[in-house]
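So that you can tell them apart, the chains are marked A, B, C and D in the order they are listed, and the count of residues begins at 1 in each.
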Amino acid sequence: MRAVLRMCCPDRPGIVAELSNFIFRNRGNIVHLDQHVDTEANVFFARIEWMLKSFLIRREGMRSAVEDLVRPFEPTFLSLDFTDQKQRVAIFVTKENHCLYDLLGRCSGGELDVEVPLIVSNRDSLRHDVEKFGIPFHHVPIEPETKAAKEGHELELLAEAGVDLVVLARYMQILSPAFLQSFAKPVINIHHSFLPAFVGADPYRQAFERGVKIIGATSHYVTEDLDQGPIIEQRVVRVSHRDSVKDLVRHGRDLEKVVLARAVWHHVHHRILVYGNKTVVF
Amino acid sequence: MRAVLRMCCPDRPGIVAELSNFIFRNRGNIVHLDQHVDTEANVFFARIEWMLKSFLIRREGMRSAVEDLVRPFEPTFLSLDFTDQKQRVAIFVTKENHCLYDLLGRCSGGELDVEVPLIVSNRDSLRHDVEKFGIPFHHVPIEPETKAAKEGHELELLAEAGVDLVVLARYMQILSPAFLQSFAKPVINIHHSFLPAFVGADPYRQAFERGVKIIGATSHYVTEDLDQGPIIEQRVVRVSHRDSVKDLVRHGRDLEKVVLARAVWHHVHHRILVYGNKTVVF
Amino acid sequence: MRAVLRMCCPDRPGIVAELSNFIFRNRGNIVHLDQHVDTEANVFFARIEWMLKSFLIRREGMRSAVEDLVRPFEPTFLSLDFTDQKQRVAIFVTKENHCLYDLLGRCSGGELDVEVPLIVSNRDSLRHDVEKFGIPFHHVPIEPETKAAKEGHELELLAEAGVDLVVLARYMQILSPAFLQSFAKPVINIHHSFLPAFVGADPYRQAFERGVKIIGATSHYVTEDLDQGPIIEQRVVRVSHRDSVKDLVRHGRDLEKVVLARAVWHHVHHRILVYGNKTVVF
Amino acid sequence: MRAVLRMCCPDRPGIVAELSNFIFRNRGNIVHLDQHVDTEANVFFARIEWMLKSFLIRREGMRSAVEDLVRPFEPTFLSLDFTDQKQRVAIFVTKENHCLYDLLGRCSGGELDVEVPLIVSNRDSLRHDVEKFGIPFHHVPIEPETKAAKEGHELELLAEAGVDLVVLARYMQILSPAFLQSFAKPVINIHHSFLPAFVGADPYRQAFERGVKIIGATSHYVTEDLDQGPIIEQRVVRVSHRDSVKDLVRHGRDLEKVVLARAVWHHVHHRILVYGNKTVVF
């Protein structure tokens, strides 16, 4: 079992020395240490993963020990996680099943070691696909006039299931600011373009009409600004004049699956640090 | 020696049969035939390259023979070129020399079989770089109040040198609509972003600030709308949070060189068909 | 509904004219025409797809009409297919489920329009995964001494199900020459390396030990020579010293899924022409 | 001005703490710290770059101070470099000029901050290309019977010029083991294939004949085993059946230039650690 510390603070000499000394003198063994300094913004970022086998501080005391240690550095972000805590992930879908299948396949194959206690959809068409995996499927149709109430219902479902993360796997509804504020936990979306190009609806058609030679997909944390949240992962593929919009959609699905899955993988392995509107992905 | 026919017209049955029959019955041998139908727009595109060795129609009569042949198809674009016509290319630069060097290296190595009769710059700093290749260098500084006159001078230089194509190899001036209309021949630009993302100035900084995980470069034909012309080629490279703006610039230069060179290569080999604001690159 | 003609013959003038005339005078409309000449080997390749709506020749007479037409060109390969013939695909697996899930997901999402009448495995562990898709699962364990008999059983299963194509989706057994000869239909394999690098067992470990900076996956038609058949599709991804063998396996799975799926897609759309030990993928 | 420490030793707890403490208590400020553990081989790797502005140890005493510090860790590799030491690079070429031009362009543009005191070729054809850059060109033709003597002459040229690194920029001669042992400094080569595929002569033809869908280029340190040295960088590009050997050569040149330039860039920035037959490129 391992501990993972992520931290972000103003840069100054001695931070790595302090952190690594703390782990060493408590008999931890560092497995990964990544640090990065944004020299323009003078911000220090670190992610340290160490083995807890012979560690002298017990788990219940660790958080306060770490907080005491780093207080002088005035961290703007601090997180301590343990690799044996399995995360609970809700998946939101609409009618396309490729990202959903891909994620569930990764769970079943052991690559993604998370719990998926529920799947939510604004349509009913993927119920059968979901139920054959033995996962509860909740159909929550949303109309403009019912949105607030329906989102309230979704929040209850998430709370009951103890969800840590929501993944929008081609969910064709915009989550309201109120929803995001109430949920107050991360939401990861897949957008089917190479952001910031082609924000909004029907990006493959936009790409076709602009005549780009490469299309992409982007996973990002959801914020209140549509398609403007911190980017986690992007992938692209070459296309040509021979590709119709339908072909772009087909090629794009392959990108979407991988890009979303990698974002979720990095998130649940505590490898992402958000600062400003950007991410450090260690 | 070969002939290259490019054509674009409303789609209907029998076009390929008509074109290939014409070449066959005149004893040409087709080396490449590429056709494409945009089924949404119902437009037919073709590029046919055939050997002229035993061709029954002599070069001086070929253009009118082809025009007669395709008239019934009402082509919206028609071009007939011969592979032994060496094209004359003017390169415009400012202060960065990487695209310039790359193009001149390709000419000297035989990959780009064109004449470069002159190089124009709004600064004087690359004069030495250029003159060691034995190419005339024209320093044409441009200020807002002198722009019209200076562009007039550039147009004279291009006309005297019999230039067929202008390549903007990181030329940091915007060509005026008047210049483009007077020149009335193609102008290819390299933009240092993955268009349509990051139009305009300082795209690497824009990319850094948006936190994208991939950067790109785009070559396109220049139109009166800045960075909006038909895209010819795009390439991308992965970057990470470790890359500063300076690193993005460095990685981007490698993209710019290849993307611009490939656009020029495709253009001088008569492989590009422009329609609307898009390209077919055969 | 459309017809697809694929043909390969010694190159000579007039082939395209003959083929396109044939279609035109019988009132077909060409949707796609791709031709290619291997000028080194002097071989002509073509794939033509045309609409049958107003075509004058009825389906039952078409094959002999086409054969008569192309006989003078002495084709070394000739195939005529119709886009409404749904193909029957058997999938062979061992214990890894990622390619299997991916293929079944594509079938269920409509991207791959094929029938999967059975799945064969030399292990029993994926039975549950398969049966939840409602597809018959056949466990055919294979030991050296039983191989001939067991392969005979597999051939019976394939024959009963009227299978047109076998896909080895990480099937960890080598099909015997006798099996391939008896089956006499195409078999597509996914090899988890960038062939011809790292033939044989455990290619990710081989890649790790050689210290390559990029890994790949390759789909190919199976021949009697292990991992030597005609390559259909390849994809790669960058890796670094930070990636353990386990990480390479994880990244590689994403390649394997896409590379295999695209090979199957191209095959079932009659877009592949095999010649010598290579493929033309139109 | 900065110091760069690279080190490799058996892994054990406390190494990072010791190194970072040393820098901190001597008032250095770490700009980059990258560490990596090969958990299979139990080897620790680190590269630390820190600012020397207020550093308490003067440059002449630093090497021994660092050696004393790390002795208990029994390093198998240790290197301390300073970023103001400009390296001296000899380039060996034969007849192709693309990698040469590319490297010299990068030097002239400021991207590669090295001295190039001489260029050596076994042919005379690039003399003019080189001399226009004002760099001494040495024509050292090599025949089997004269190889030992001619290599002796090359070694003298390298010694006189104080060369730190030899770059083989498409040099079509094999350096003898005796040469490598006498030179006793790094030699970087560009091989025009995706190693380990297509070792030896004419890799583009090998790639064409195998029918691969992707080609590559590989830069590596030269060892006595042909094309078997530690790989530094690799890049690939998609090709298709439409590409002749000549097209592969053309596409490949673009890879070769970038791959070689990046290897040299990483080397002269002290970012590479060789262990066994692999590299860590920080």
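Heads up, the rule we're going with is that contacts are C-beta pairs under 8 Å (C-beta built on N, C-alpha and C of every residue); 3 or more make two chains touch, one makes a residue touch a chain.
Since the structure is predicted, the reported quantities are computational estimates derived from the model, not experimental observations.
Participant: What is the set of chains touching both subunit C and subunit D?
Facilitator: A, B
Participant: Would you mind working out whether subunit B and subunit C touch using mostly the same residue numbers, over half shared, or mostly different ones?
Facilitator: Mostly the same residues.
Participant: Comparing centres built from CA atoms, which chain ends up most distant from subunit B?
Facilitator: Result for max centroid distance from subunit B is chain A.
Participant: Distance between subunit A and subunit B based on Cα centroids, please, to the nearest Å.
Facilitator: Their C-alpha centroids are separated by 41 Å.
Participant: Approximately how many whole Å separate the CA-defined centres of subunit A and subunit D?
Facilitator: Result: the chain centres lie 38 Å from each other.
Participant: Listing for subunit C: what residues touch at least two other chains?
Facilitator: Where subunit C meets two or more other chains at a single residue, that happens at 39.
Participant: Looking at which chains touch which, would you call it a line, ring, star, complete or other?
Facilitator: complete
Participant: Using the touch definition from the top, list the residues of subunit C that touch subunit D in their complex.
Facilitator: Subunit C residues touching subunit D: 36, 38-40, 45, 194-198, 209-214, 216, 230-236, 240-242, 244-245, 276-281.
Participant: For the complex, give me every residue of subunit A touching subunit C.
Facilitator: Checking each residue of subunit A against subunit C gives 96-98, 101-102, 105-106, 108-109, 111, 129, 132-133, 250, 253-254, 258, 261.
Participant: Provide the residue numbers of subunit D that touch subunit A in the complex, in ascending order.
Facilitator: 12-14, 16-17, 20-21, 23-24, 27-35, 37, 39, 238
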